[in-house]
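Next come two complexes built around chain A: one with chain B, the other with chain C.
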Partner chain A sequence: MSAAKRVQQWATFARTWHIFDCKWQDPYQSANIIKKYLMGLHKPIYHPMNDCGDVVVCINSREIALRGDDWRKRAYFHHTGYPGGASWTLAWELHNKDPTMIIKKAVYRAMKGNLQRRHTMERLFIYPGEEIPEDIKQNVSNQIRQLRLVPQRLDHIPEEEVQQYPKVMEYPPDYVLK
Partner chain B sequence: MALLIKSVFSFLKQPIFSSSLRVFSITKQLNLKEFQESRNGNKLIIEAVSVPSTRTDLLVRADKIQDLTPAVIDAEKPVCYLCKLGLDIKHTDVLILSQFVRSDGCMLPRRITGLCSRQQKKVGTMVSMAQKAGLMINLTPSRCKKDPKQRYGYKKFNTYFDEATIFMKKIPDQRDKFKR
Partner chain C sequence: MSNKNLFFKSGFVRAPLQNGVGRYVCQLQRIVFKFCKSSGGSRGLRDYIEQDLVQFAEQNPSVVVYLKPRRHRSPVAVAEYLNGSRVWMNFNQKTHSEILKWIENLRTQQDDVAATRLRKYQYTDHPSIQGPWTPFTFKDPELNVAELPNVKFGANNRLPKTATEELRLLFEKQKLEDVKTAE
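Let's turn to the complex of A and B:
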């Protein structure tokens, strides 16, 4: 095998480490993207029987955004196995307890339930904040594009830019400013 | 006797009130007004000062834009300035939405915004969406802590909204797709 081909062989079968910033992202929509990288579906060599999945590191999982009233309407079900052991936890209560759990469950549910799923989940790292361990940080070589734009708060925009921005509404002539 | 006193009072009242009313009713102020408070020793002076509008130079109107593809407009109904511009405003466009609110973040009524009823509802809903998402936290009542992370319960977490739900009669439930 020539030297160039040998490098191509390494590059094809090496595990790539991807990073994904969950800030203001919908976990259920981004789970479908993360799933593809975790299972290796984005690779032309993909086959369910070959182990070609990549590693995904999710950061800022505390900052995920849910749509509309999902925080107080979505419930997570758990059953201990004992009679009367059923419990329903609302999404915001679960996020209070563990800020990584919602994105973990979303990715888990996005994948098909087979024997491989638990092993694929082992390749998903989730961190609530921006800090990640140094040994993981050194492996990361790719970033997954975010699905939604991170909105900018009005008080973070400079005062001058707010005043110089083109105006759409004009006050009526006898309006009393409040 | 009572009748006499009454008539005397009404005689005294009349010139006082009519003269004081006349000041406000005859002339119409052509400028914006602003209440200013100043303190001079023990005296608190509250006065209404006429101020020029800062928005006049920056105003964007569809008539003044040269190469604007006209938005699809129903010829029978009168259209407002926002319909003519044909903007696609999202609830994250706080620089536009903040023009339609008071300093405490409350949406201005239609007689002041001058929008049509559809746009008034759309902008009003998007203002409340932006407020719930904590994007206009500096335009809130003074008792607000000015930090979305310090809100109570589920309100402290990030939320985004879908603008397509504004004119929906009923917002579809995510769980309905499991029903047969």
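Let's turn to the complex of A and C:
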């Protein structure tokens, strides 16, 4: 193989590091997107027998959003293997124990259960907050777009911007706001 | 790819030394017909030898043709090619017209094509003019200098505009128009 071809091979099969912000995202819907990047399904060169999966770094996993009353109703099952070893942990309990666990399990469940799955999972990094180790941060060269818009709280918008926002009408001065 | 193909030689569609582009060299070098003079299984091959073999030999002077009669054995043809490969083909109980077609196949093929699994049905020395894909093809060049994570690259940009946003833009437009009319 000539030098140019060798470099071509490196370029085509280079692993890209993607970053994904989990803030206000549904972990089960995001998992389907993250899965594609982890397995390399987004690449035109994809083939199940070539190793073209990318690395995904998830941040803000503490701030995921579950649908409906999933926080109270969704249970995660675990069995120790001993009689009476079954346990059901509610989503909010699991999230309190380990804020990275729900997104991890969602991605794991989104992938087909084959021999490759555990190796693919090794390429997923999840961090509960904004902070990423520097050696991981400097590899990141792409960002995966979120599914949902992140809502902004009124008290987080700067005061001037709120003042300048167009209004249909002003409340009368003697109007008592509830 | 199923299990039976695991030990099946794989390859690409190739013509040796661009055979047929400009000049054609018949790849078949030698063909040996083995048959029985009396048994019924050789009937088709005997018919072929009687009716068509001389014409075949005349039309293909580069092919050496051997006839090998042998008693009470099934008829076969063994073809040898320029690249040294050898193809054995059973002609037992085959009719004259079938044998005619199979021999045409042996004459025109360049190797034992049936013994290879073709990975692709086409082949090119130049698969791409613009070069193979890399992760950086079609990427936004702004990403090269962007500090990630960044809301600009992370937010969903495929959602339709909300009614609130639509109204706000209308208001901005109206303000601009007001400024224009005032001037």
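As a working rule, the second predicted complex is superposed on the first by the 148 of 178 C-alpha atoms of A that agree within 3 Å, B and C clash if a C-alpha of one lies under 4 Å from a C-alpha of the other, contacts with A are read in each partner's own complex, and residues count from 1 in each chain.
Everything that follows uses one rule, which is that a residue touches a chain if its C-beta (ideal position, glycine included) is under 8 Å from a C-beta of that chain, and two chains touch if they have at least 3 such contacts.
From a predicted model like this one, the values you see are computed outputs, not experimental measurements.
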Per-residue contact with chain A, leading partner among chain C and chain B: B
Chain B versus chain C as contact partner of A:Pro166, first or second or both or neither: both
Contacts of A:Ala14 with chain B and chain C, given as first, second, both or neither: second
Which of chain B and chain C A:Asn142 touches, first, second, both or neither: second
Contacts of A:Asn50 with chain B and chain C, given as first, second, both or neither: neither
First (chain B), second (chain C), both or neither touched by A:His95: first
Chain B versus chain C as contact partner of A:Asp155, first or second or both or neither: first
Chain B versus chain C as contact partner of A:Leu66, first or second or both or neither: first
Common interface positions of chain A, toward chain B and toward chain C: 148-149, 165-166
In the complex with chain C, residue positions of chain A that touch it: 8, 11-12, 14, 16, 19-21, 43-45, 59, 140-150, 165-166
List of chain B residues in touch with chain A within their complex: 28-35, 48, 51, 53-56, 58-60, 81-82, 85, 87, 92, 94-96, 98-100, 102-104, 111-114, 133-139, 146, 153-154, 157-162, 165, 171, 174
Residue numbers on chain C that touch chain A, as the complex places them: 131-136, 139, 143, 148-150, 153-159, 167-168, 171
Chain A residues within the chain B interface of the complex: 24, 26, 63-68, 70-72, 74, 90-92, 95, 148-149, 151-155, 157, 162-178
